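Heads up, there are several structures right after this.
Here come two complexes built around chain A, the first alongside chain B, the second alongside chain C.
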Partner chain A sequence: MKDNFSVVIFYSNSAAIRAESLTKKENLKIKLIPVPRHLSSDCGICLRFNNEDKSKIEKILQDGKVEYENIYRI
Partner chain B sequence: MIYLDNAATSYPKPKEVGKAMLHFLEKVGASPGRSGHRLSIEAGRLLYQTRESLAELFNVTDPLRIIFTLNVTEAINLVLKGLLQPEDQVITSSMEHNSVMRPLRELEKRGVEVKVVPCSPQGDLDPVDIKKSIKKNTKLIVLNHSSNVIGTLLPIAEVGEIARKHSILFLVDAAQTAGCYPLDIRKDNLDLLAFTGHKALFGPTGTGGLVVGERVDIKKLKPLKFGGTGSRSESEEQPDFLPDIYESGTPNIVGLIGLKEGVRFVLKKGIDKIHQYELELTQKLIEGLKEIPGVIVYGEDQVKDRVAVVSFNIKDQLPSEVGLRLDEEYNIMSRVGLHCAPAAHKTIGTFPTGTIRFSLSWFNTFEEVEKTILAVRKIAQRV
Partner chain C sequence: MWKNFFNSRKNIIFTGIFIGISAAYLQKLGNPPNMGICVACMLRDIAGALGLHRAEVAQYIRPEIIGFILGSLLAALIFKEFKPRAGSAPLVRFVLGFLSMVGALVFLGCPWRTLLRLAGGDGNALFGLAGLIVGIWIGIFFIKSGYNLGRNQRTHQLVGWIMPVIMLGIFLLLIFQPHLSSGAVFFSSKGPGAQHAPIFISLIIAIAIGFLAQRTRFCTVAAVRDAILIKDTYLLTGVVSLLLAALVSNLTLKQFHPGFQGQPIAHNSQLWNFGGMVLAGLAFTLAGGCPGRQLFLSGEGDADAAIFVLGMVVGAGFAHNFATASSPKGPGLWGPASVITGLIVCFIIGFSMSDLGKKQMGDKK
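Now for the complex of A and B:
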């Protein structure tokens, strides 16, 4: 199961929460989790999603003008 | 008790405000935007919902363009001090509160050119006078949306249009209108909208903020405060993105959650309905006061579109004495004196004595207005 997830890393906590709000409106299965240590030295949170939703997630972020650092598979 | 000091701080608040604050203190409690545990995330969500509610109210597309401050004064200081450089010119009106005037007078000492456009004794501003004052070095126009002394509205949409045409930024101090008069960042042509939470938005004191419009280059608007944001923690430099750039230090999360409920209350009632009701109360109050011999009501002769702030005097009586009698004998809370706006009082001709001010809210009633008129009548008759 673990291999099926990716995370979006944001510049700020507020952006992560905005992304959560926007993706939840589209009924996508997502969760805010602490940023995995190996991805960033920051203390923030990131958005975990199922890999199959990647293009939908990217579109939502783009439409909502939510800036993000990167997307990683975990 | 009749509370008529809502232009200072609204009271009472909708019940939901206190409830949500208590719920947060007892059940959530954590810092937003700092840690990754579920309570912190929940705090962050609630804070974001406050931004979302305000974004809906002011027609802002991206809620993250709304940043929180302690009050409208801090938001105005952020813009004026963060944006204006020596040699820049800033245009304002003669009806401003000291939240605008004092930072401008300080900046004047540092070489900023301050142009104060005079308003009429009724507090009206002619947008043409703003246009005539524009020079090559004009960087900003700053105006209150409504006077905190006499409730007169300034023509912000027209001035905003002028600002756009000349590529000048436009800041509006919405202390007296946010929550009780329609405000739309697009229709009103605003670049920066400073608001406070504790007046018509029904939040607690210690809440306020700034809408940062899309024409504002945040690289040119320096933060007032620098510090921890929970983001980019590896860097010793301030983040360069909204809202973190202007939100250092743990925010007044409890207060902002109260504000969320206040804004939701306004959205639920409907801003037009709130404004219409307050206007009816105000009309009744002004008409009643004007009928009393010896009472002078300031502002427009006719009751027109305005907010629910009314200033008056009684001939040969000091405002402070009238205010004391209203409080002690009639249980009516008013505000007397200069209302932190010496420029406005000079404009309407009531400096340095000031006025007695009644300011109403959604929670006032026609019956209270009637009792108030009767009380003023008795005081005017020296009964």
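Now for the complex of A and C:
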């Protein structure tokens, strides 16, 4: 079965790292990956997660006051 | 289909190979040895041509720099990625650009030339490469500690066009080579500044590189950063391809001369080969990319990257005027002091613009 992923794009790499540590604490299955080329020409990193965790991720980012640009399905 | 063509790993490999082969051939066609392409050296030569420094052997308007920016602009316009943006700590980026150039000129090369020097057999570049990796590694420490330069903002279209227009301006100076009573525009009559491939060949190859790099996000510093930070090797495969392609081309063209002594435009003071690139690597990482990448970003409208590039140009003027740049004889009089000062400044920037500084200054709620 193929996983369905989304990514959170941040304004800085530090924010992506912070988001990673916050979501890891909640035992969510996430991974930092380079921002997919079709989403941005920036060479930054973003957080990939399973679609089903979207609401949890949004809440964690909101509670942790991590600013992000957008969430995209990939 | 074209959108996807540039997406996959084979395209970053193709880009790396294209840059590697191009650099070897540009050297064959007249560019200085192991310097077929070097963003730092070439910006330094432009600074010299404009009269910002008086190193008479390093004055030429390098069309490669112009081509990188225009190629990236072209790709960004075609693929609708030209996005004028600005306002992410520009003055800090200027300082980082300045310091990265000071460090690069102690080693004598940017990350690209580090690879090209290795591909030409220059063993001294191993120390530069080690320094570069250590510098990036220190930068990653700051990124992990919350370091960031703040968000940029979308801005007026005009802002994105400033850097490409400056490039067109200096291209006209190259073509018409006006001579004012001040002596400007300065062109070297001997030394590396006098060695160059035919203008239009350089320009066309550079436009192609700028185009490919904009599409693939080729970046030597982010390559190492991603490999260490998130264990991703996409960009690194491009960098390795560049190195191997340049090596094979140099062997074919009989430009491979292994050794440590008498390497072209290089010195063998290993401590400062290493130290210079620690400074450069750290400054690049804090600014988010290698100098090549900063040029490509300038071309697609990133005014902050353009400020970094201008910082590099001014840094080159400073490095030669104040004897911090090395020569084949060894580091300049003030080279070691400039590296240490530069590292201190980078550490202050890293600390104060991350969570480390916030905790100490007590402004974290």
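What we mean here is this: the second predicted complex is superposed on the first by the 71 of 74 C-alpha atoms of A that agree within 3 Å, B and C clash if a C-alpha of one lies under 4 Å from a C-alpha of the other, contacts with A are read in each partner's own complex, and residues count from 1 in each chain.
Definition applied: contacts are C-beta pairs under 8 Å (C-beta built on N, C-alpha and C of every residue); 3 or more make two chains touch, one makes a residue touch a chain.
For clarity, every value in this text was computed on a predicted model and none was experimentally measured.
Of the two partner chains placed by the overlay, chain B and chain C both lie in contact with A:Ala15. In the superposed model, A:Gly64 makes contact with chain B only, not with chain C. With both structures placed on the common chain, the touch criterion links A:Arg37 to chain C but leaves chain B unconnected. Of the two partner chains, both chain B and chain C are touched by A:Ile45. Comparing the two complexes, residues 11-15, 17-18, 32-34, 41-45, 67 of chain A contact chain B in one case and chain C in the other. Residue ranges on chain A touching chain C, taken from their complex, read 11-15, 17-18, 31-34, 37-38, 41-45, 67. Chain A makes touch with chain B in their complex at residues 11-18, 20-21, 32-35, 41-45, 64-65, 67. Interface residues of chain C, counted against chain A in their complex, comprise 3, 6-7, 76, 81, 143-151, 214-217, 219, 222, 226, 229-230, 232, 234-235, 288-289, 293, 300, 354. Remark: chain B residues 32-37, 41, 44-45, 47-48, 51-52, 62-64, 229-234, 239, 241, 243-244 touch chain A in the complex.
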